[in-house]
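These notes are about the structure you will find just below.
By letter and in written order, the chains are A, B and C; residue numbering begins at 1 in each of them.
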């Protein structure tokens, strides 16, 4: 089948005098998506790898949609790339290549620790399936200049969501700012706050369970804040389905006092806010349940079983996992390192302003506050279904299509149906 | 261009002539149909057949061989409703919300689409200056990809978009268009008419120009009023073209997806979630991928569309075989 | 002069006067130009804005960037501000840095003295600036020509195949009496009901089975099987009088010749419309190539365009610039083809 394709391609190239691009048939294909400059940096770093080892790597930059929606179908049909940067870490586990036979287990376990577990999905075991290339953690950005103008003090560390909401409302009122607060439209983003409100997210057997008292309490609070204008309605009500939506533009324009997003926004804030105002990262506020949890996340690089050259695939990923390479990529892409060795030494981020450097360090410092539930949720194979349901049903409650109670009933039923089908 | 094609066509004529002698003229029709039937069979019909298999199986596996047979369960899930008019009473409330949204959307969209296309075609058919230019202008949005259509209008309508800046400037005050369910729905109708109107205008224009001039001249002699001329002459003579436009507009309307999906994502809430988006999200974009449910929904929709089309064709049966 | 006047006023109204319906017509058309072109023009202008400029509200009509100045003793150019109040009102100062609501500024003419001002008392000095780097970066970043070639190849081949195959089928369905005609026609109309979006997965499996995964043919061939084309062409060909065909048959013309020399030329307007549609469909195709093509040497422009959409962030300036670039070729093709549609429609007017 593959031969036929190559034959067809050559036929074209010959017929139309168009030489195939630099890629060779035995190159390792790396399907990559960018939230900034990641793919460019990988391409650059891997070109050195090719020069050293002679193993060619072709980086194919695709829209994130291709990774999320198409890659699983391609893998199921037995096609697709050799390596990919993925975010559905546990969900695709059945297609992953186990790197353990090809790499130094001690080094990997020492360097990546518990993130290795996120890639094991439902299968469990001790296989090494993927390298967590960028760690993210959710947290809040605040517009410190607006606080200063309003003469309101920033709530101290350990302040609750309600205290932040009250302070943000005061600031917005005093300064005429459009919105006190906003949270990204994403099930992942609200998971941290929900945990802080007491959501357990799992039942006693470790199966996903979305709706409990804590989750409902958070939803009620969240919907109330939308209705009284504390939270910008645009973000959650301006979209449908489980579409992602952020509020970075509002924050950058100085129309937002408190913005709950995550560490990946630092580069963008740094570049676009510039000298317009002072911004600060304040981590995740605390909830009535005592926790002050954010949500870890990020993307990782995995190899696939169906590849015809597993040794090469393992060699490429192992190269990217080496401490010096990993540190370089992290510095150039302004991400938080998941590599424990790199994290311990600290990263000197490239071209980052002092504010951005502080912000990234602030996020890294918030990691210990992350609840174990959040770590478990991040590695859970069914989390995408739960994120999607969260967004859809809470949105309906926000726009008034469903009451909070109905939305919670629907969410629970949705998850039950989804779990029944995916067994 | 023609100098390359003509010799090829002459070469093709040789086997075609032989086939014509062999089969006779009427059976030759199958030869003309064959290439299309092969493409159709493989890439349009076979997928639909496979869809039927998907609709009767469950689970979230992609390959049919791995999927357990569940009979009509998926259809049962979709139609499990105590009151079809109230989505909240249905097991798959999202499906029924999408259905009713689509019904409203298509009614409005086809109405406006046909109305404005006809109006534009009539005006463009008048003896006006720079007709070619104006014709191109109205067709231009048809060239844009759905994603671009959505992008352009989102850019204009967002809270901080140019329309609100303009309204602020005039003192009317901006409206948060895409956060209000009614406005978002209205704008969805608007952009889909905006994007596709040119196509139907062109078809109607072709139809209008095919009406012989002398018929109008006769009407002018009779001192018939313009409105009467329009109703008694233009509309009846235009009806075969109108049929094409109506059938296509209705089918394409029900199939509206890309541009609205990229525009509002189906929101706020589910206000602009249409049936194809439901199918796409259940079977493709969502997690887990419920191919069975989505295939069942697609078959239900196709069934309704076939019925509606047959009704339209039957109502206009005199024109079908023209 | 009189000639110009009559040119401008040549309308339905008599005696050179504009009838009220003409006013309405022109008014409608002018509004149409504004509505149809305006949004796209806005897109084009926006594509020349810097990212900071793109995100600002209220948006400016033209792209602006803050003016900077090189001041002695400082390595980087400093942004310029016009003071609107306070002690230095009316002066243009360069900013060193800002802390909270206070800014440290210098007068470019007198760089040694540092001034402290409140940020409420200043506004940035701006100048027109076309962010052409949005475009040049695209060419540096990836193999634009390669993607352009792939898109063109797919579009041209798929359109040619579709036009030929569809017009042959439409000819058979409109001009022959044979058993099973109605069945085939219903089949065509039936498949019209199922959009590609709905059958993505089965279609993908079929294409993969046929070995067309990651090949341009995997986009071209399934794309050629659209029912809309057959339906449109058939409805048009029905209106061609049978007498013409009978006359040709009397002259012993073969059926293929009748198709090629009579039916196709007479259907030119419908074929031109279909050609534009086909070109547009294939050129703008996104969802389908996204699943069939995974290797960058096969990527189309639409895939490259959308690769600016990450999980969490969208690179708007590159996305807008790329959108404009993908729009250019198809607009050019349209301008070329629309002439044929116009004459084509005009030539059918006599029938």
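To be clear about the criterion, a contact is a pair of C-beta atoms (placed from the backbone, for glycine too) under 8 Å apart; a residue touches a chain by one contact, two chains touch by 3 or more.
Only a predicted model underlies this, so the values are computations on that prediction, with no experimental measurement involved.
The most central chain, judged by the distance from its Cα centroid to the centroid of all protein Cα atoms shown, is C. Contact count check for A-C and A-B (C-beta pairs in contact): higher for A-C. The centroid of the Cα atoms in chain B and the matching centroid in chain C are 19 Å apart. A separation of 32 Å divides the Cα centre of chain A from that of chain C. If each chain is reduced to the centroid of its CA atoms, chain A and chain B end up 37 Å from each other.
Chain contacts: chain C has residues 57, 201, 205, 306 touching two or more partner chains. Each of the following residues of chain B touches two or more other chains: 62-63, 160, 284. Counting partner chains per residue, chain A shows two or more touched chains at residues 68, 73, 77, 249, 253. Against chain A, in their complex, chain B makes its touches with residues 58-63, 88, 93-94, 159-160, 176, 178-179, 181, 261, 264-273, 277, 281, 284-290, 292. By the touch rule above, chain C contacts chain B in their complex via residues 7-8, 10-12, 21-22, 25-26, 28-29, 32-33, 35-37, 39-40, 42-43, 46, 57-59, 164-166, 168-169, 171-173, 176-178, 181, 184, 187-195, 197-203, 205-207, 210, 221-222, 224-225, 227-228, 230-232, 235, 238-239, 254-257, 259-260, 269-270, 273, 276-277, 280, 283-284, 286-287, 302, 306, 319, 323, 326-327, 330-331, 334-335, 338-339, 341-342, 345-346, 348-351. Those residues of chain A whose C-beta lies close enough to touch chain B in the complex are 68-69, 72-73, 76-77, 88, 91, 233-234, 237-243, 245, 249, 253, 382, 384-385, 388, 392, 395-396, 398-402, 406, 410, 418, 421-423. Contacts from chain C toward chain A in the complex involve residues 51-52, 55-57, 79, 95, 97-101, 141-143, 146, 149, 153, 201, 204-205, 208, 211-217, 290-291, 294-299, 303, 306-313, 315.
Note for the complex: chain A touches chain C at residues 1-2, 4-5, 8-9, 12, 16, 18, 20-21, 23, 29, 31, 33-36, 40, 58-66, 68, 70, 73-74, 77-81, 87, 144-145, 148-149, 244, 246, 248-249, 252-253, 255, 262, 264-265, 268, 271-272, 274-275, 278, 299.
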